[in-house]
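If you scroll down you'll find the structure; I have some questions about it.
Per-chain numbering from 1; labels A, B, C and D assigned in written order.
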Amino acid sequence: MQTNSESRLREEARKLLATGAVEVVVGYGRGHGGEGVRPLFAKSADEAGGLVFNEACVHNLATYLSKEPCRQMMLRGGRVGIVAKGCDARAIVVLLQEGQISRDGVHVIGMVCEGVRGAGAEDDDKAFKCRGCGVVTPPLYDTLIGDGDATGAAPPEGDPLEDVNEMSSLPREERGDFWREQLSRCIKCYACRQACPMCYCETCITEKSEPQWIDKPSHPRGVLAYHLIRAMHLAGRCVGCGECGRACPMDIPVDLISRYLAAEVEGAFDYRAGMDPEATPVFRTYGEDDPGDFIG
Amino acid sequence: MARIGVFVCHCGSNIAATVDVRAVAEAASRFPGVVHSVEYRYMCSDPGQKMIAETIREKDLTGVVVAACSPRMHEPTFRRLAEKTELNPFLVEMANIREHCSWVHDDRGEATAKAIETVRMLVEKVRRNSPLEQIRVPVTRRALVVGGGIAGIQAALDLVNAGVETILIERSPSIGGKMAMLDETFPTLDCSQCILTPKMVELSQHPLARLYTYAELDGVEGYVGNFKVKVRQKARSVDHDKCTGCGLCIEKCPSRVPSEFERGLADRKSIYVPFPQAVPDKPVLDRETCIWFTQGKCGACREICPVEAIDYEDADEISEHEVGAIVVATGYDIIGRSLYGEYGYGKLVDVLDGLQFERMCSASGPTSGRIVRPSDGEVPKTVVFIQCVGSRDDSKGRPYCSKICCMYTAKHSMLYKHKVEDGKAYVFYIDVRAGGKGYEEFVNRAVDEDRVVYLRGRVSRIYERDGTLFVKGADTLSGHQIEIRADLVVLASAVTAAEGARELGQKLRIISDRYGFFTEAHPKLRPVETNTAGVFLAGACQAPRDIPDSVSQASAAASKVLGLLSADELVREPLVARVNEDLCTGCFACEAVCPYGAAERVKREDPRTGAEIEKAYMNPGVCEGCGACLPVCRPGAVDLMGFSENQIYSEINVLTESFKVEDEAK
Amino acid sequence: MRFAFYPGCALDSSAKEYRESTEVVAGDLGIDLKEIPEWICCGSTPAHMASRLLSITLPAYNLVRARAMDVEGVVVPCASCYSRLKTANYRIARDPDLKEKVKRALGEPYEGDVPVYHVLEVLDRVICEGGLEGKIRVPLEGLRVASYYGCLLVRPPDITGFDDAEDPQLLDRVAGALGAQPVEWRHKVECCGAALAFTQDDIVLKLSGEILEDAQYAGAHVVSVGCPLCHSNLDLRQRNIEKYTGLNLGMPVLYVTQLVGLALGRTPAELGLKKHSINPLPVLKRAGVKV
Amino acid sequence: MADFRPRIVAFLCNWCSYAGADLAGTTRKKHRADVRIIRVPCSGRVAPAMIVKAFEKGADGVVVGGCHPGDCHYVSGNYHARRRFYTLRKLLDFMGIEEERFQVTWCSAAEGDKWAETVNRVCDLVEGLGPLTTFREMGEAVSSEMREIKKVADE
């Protein structure tokens, strides 16, 4: 099925670029030596021919929207086309909510997606985030591409929170040990931050030295603080695309933390990030009957 | 280079008894940046203060920590002292070693250790204090009063008489409000009109007063001292500059509609002046009912008008004004009779509400003061007054007491007895609440002198037969069911928030309670202020109020305004949020969480593209310094003066450093 | 429409005709009524004087039985039963402790969630859904009806939620739909004295007297009711009322189901009209109703 | 752990809790001396980073005190804070850090007793939990792989 939507995607991209409706289409192209896929910035109708869409398209391209050069392009009044799966589109919604992009600055080519392959291209099983995915059809798009009746498509079986729940079910000590071991590998390369579409601050709090809430030196000190504060900064904003985990060169499952917190936030405040551009982000408001039993 | 002075207070024995003050001073002397550290019996005493002042000068200190009582106690004292010595007051901090230390601990060792750490924290903090200047906001010396009832009139009069130009807007065609409808007022029974109209006239003729009647508040921008308000002058279709108020148009107008002012007991014309003493005494044309506007013909008023003042093309006009303060005095309404089926759903013509009865008693009213039955014009020989209709009634009405009904019902029953000597008056009540000067006596007069029969109980049903009203109720004191055959029934309907109050509140960014009454900043200590600086409350828009309360509250609000406008500049504590635009991402989480609307959007040029982008700006005139915007600002672009990131960080840091020292000791 | 039917004691004794007419009419209008097997007394007035728990458990017992019948809800002809059943639901749904107690008393849990309807509510629904169309053989044209609701149907409003507590319209609507002419009167929801008939009948005679008198004053031919107790107070005791008040009434009191039955062309016999102490037939004839 | 004395940092809002702590003093409500108080304008000013930092720097427990719901001097600061704190506690727990170490209390200016009790309660509670070592361990922690990497680097 992918092939069919792939051709329709190219066609759509060509049209958009040919008519000048957009200056660039951010999508997926064939990877080096035909291996897998990599982000492709198609600036012309011909380049649009190189666009692909298949099970390897795990990247969340929304990351590029709030960063250079797309940001500049949009500020100059240009329009950016972007290929977005459900999860990617959720990220775009958050960017809209937070005023990082303007609605008419983007043309979202929404892809009906039945799941993509997880990190490590050789295994064939779907990424965790795809299991029981709630957004087979993107919550936001200008063009929707998907075979036949979108609603017919179904996400892979399974519980997206399986790994999270596994972790939560462990005794607290074991969780502590797990993270101690995992985070001890962290080299503060901040790849997780760079990969995250929600981390668009030009100067991140981690760069701040007056005061220095997060110790910067390449030393394990400050690692836990970094990951805690990162998680809090993503709470109620993380769309669970898992890019942070995928980006980690030390294979630390950082996405586990933000996906866990996203689930907790949804449970407590009935808010799921990136579903509705009109919704008030969960930490910009409050409920008088929010849970408060923990307060003495 | 920091030059900090530490002054440790004994507070007599209050501190010294539990804390080794000498040890504290001694330890403090070794803290980085500390150039002077002493202890003394009473730092707040004159000699104490003199000592501090001299030290500041001699050692020219860049910061002071007074280790003594709670800053909530003496911070102002020592900051004032600093000011006198040309040390910026915000370079003074207090270490609370009394309330938080000596008074709550027994162990001298522990208390001393804690005192030392506390001082250490404050020293670190003060090292990062920056001199702050009081924020001076220019003040527009002009006030706006919303609502032209007695509260609004009184507030406006106090203001103009104090020399403050005041704009008053009233949505009906005349000022006067509910009080203008009243006949006589409790507890003195003096004529409402007689005491009100002089005030109306005085205001309308005052050179500093600008009246906008038949007008509404369209929008409010800005902040305390600097509001920009839009006033919508609804189209009157009558040019008041030309109009002489001769009234010919009113005579000629063929269209009659029930008069709001007479509460439906009489008609008015479509072009009308609501009541004889109206201010201004010039008509407006009600387009809802005017034949010209509804059927496109007639035009009688335009033909008859000798000065061509009638203008069917007249349109709403919006004028903008700058004001420094706003007084809200939008008054109240009363609950609809249609709510009470047992009292005939408002279909029984001889069942009146309190205001209708007032109009009936009024010499200038529809019956020229004769009390008659609307159904047949007969003089009622038996009148039943029912209190708490909709008040203290959770199920259908309001749970609160409407406060004024007990008194005006007593008044009504009296007025009736005075006009109909042989008449019988019954009052059904739950309690009689007559708190107020001369109030209890007033009610007693009704009972003792005017022989009004008070029955404790509710009325379960009123039905009409052959022109007689059958009033069935319980007398809970005698425990009997009673049925009274009455000619007229008067309901003391609950006082409710004025229609549209909530919407107005949103425009003004002030809070309404669940019933639509405006919420004061503090129920006891700030009763006429709101949570929005520069906006004040007067009268029944805040809660049910009688005339004396409304008037005194109006004067209170006016004096608050005068205080605010007394200086050309408004001085505010500089402990406010500031934005580092280089870090701001323009996500405006701050805007969402700021309870004061201090976070504004300012246009900036994007350095790379030259495109226009938005950054956050915290308006120091509005910011109250709560710091809610800091935690939601991920890049830390916002900071809070006086409780800055650096200051708090350093407090945490130094505190926990001392933990490490302990660790190493182990 | 499938309902469980809870007749209540009165319909097996003093108000047989109410039961008969209800069943006949239900049949004609395709309302499927299944009597609750082994139903017991709802407790009526005495139970809640004796024990709160009892007064809730008795109705709950019946409602639990109804629950097992896969029906829309329970239909009750008697206003008093209606009030008790509704009250049970209301209290159980709001009071966990009580729910627990009732559970222990019944030996099974009950959530207070079986819907309870008065016959009138069902009739009104059928009529609103056009269930009468083409079924009216004898339009009650010319018949002026005073619709009497009494207390228990409408009060307390929070519990019964029956129409408008102060000025209910259901009965009037039904009467209107039958071609009859509802009269405007003032005693729709006044109390008839109810069970005081057995202890302080002077109260009943006074209160019921006022009701009948007002109906007469309003020009009604008949009073229609939806409660056996009201019926016996207004009909059975009417002679005493006349003695006590010196009024001359002769005001027939019909169950709403009887009125519907007449319109559907049922005979007085089928509807038990003869059981009334004030014979309605002459009045009906006078009003021009062909019976 | 006999000689373990918990070190606890408290952030108290100026209007309610700080004044409440003052009242505890004025009314001489004795309580444990293991808490160090940092004054903030409002519980809504307290950012997760502040709490995390306190832990990282060696605090065994953190208390935030704010006005009761509806009483916030700044209208809604404590409500916003409550959402954040709820989330932060969940996070701490997930990361294997006892969320009990982070306590929140609504304490009004009239509740001197409550503040004294809170101090004792939290101190006992944290004492029971023992010192918070996670951050310091993390500080020194060097994983097996890192050791490998170091070795290679050294050679």
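In this section, contacts are C-beta pairs under 8 Å (C-beta built on N, C-alpha and C of every residue); 3 or more make two chains touch, one makes a residue touch a chain.
Model, not experiment: these values are computed from the prediction.
Asks: Have a look at A-B versus B-C and report the one with more C-beta pairs in contact.
Replies: The greater number of contacts lies at A-B.
Asks: With chain centres taken as the means of their Cα atoms, state the distance from subunit B to subunit C in Å.
Replies: 54
Asks: Express in whole angstrom the distance between the two chain centres, defined as the mean CA positions of subunit A and subunit C.
Replies: Measuring from centre to centre gives 65 Å for this pair.
Asks: Averaging only over C-alpha atoms, locate the centres of subunit A and subunit B and give their separation in whole Å.
Replies: 48
Asks: Determine the centre-to-centre distance between subunit A and subunit D, using the mean Cα coordinates as centres, and give it in whole Å.
Replies: Computed value for the inter-centroid distance: 32 Å.
Asks: Of all residues in subunit A, which are in touch with two or more distinct other chains?
Replies: 205, 213, 283
Asks: So which stretches of subunit D touch two or more other chains?
Replies: In subunit D, 48, 53, 76, 80, 84 touch at least two other chains.
Asks: Note the residues in subunit B that touch 2 or more other chains, in rising order.
Replies: Those would be 593, 632, 649, 653.
Asks: For this entry, which pairs of chains touch?
Replies: A-B, A-D, B-C, B-D
Asks: Which bits of subunit C are touching subunit B when the two form their complex?
Replies: 157-158, 164-167, 186-187, 190, 214, 217
Asks: Once bound in the complex, which stretches of subunit B touch subunit C?
Replies: 340-342, 345, 395, 461, 463-465, 470
Asks: Inside the complex, what are the residues of subunit A that reach subunit D?
Replies: Within the complex, subunit A contacts subunit D at residues 167-168, 172-181, 183-185, 205, 213-214, 219-225, 227-229, 231-232, 235-236, 250, 257, 260-261, 264-265, 268-269, 282-283, 286-288, 290-292, 294-296.
Asks: In the complex, go through subunit A and note every residue touching subunit B.
Replies: Listed in rising order, the residues of subunit A that touch subunit B are 68, 72, 75-77, 98-100, 200-205, 208, 210-213, 233, 280-281, 283-285.
Asks: Which stretch or stretches of subunit D touch subunit B in the complex?
Replies: The contact residues of subunit D facing subunit B are 3, 7, 9, 14, 18-19, 21-26, 28-31, 33, 36-42, 44-48, 50, 53-54, 57-59, 73-77, 80-81, 84, 116.
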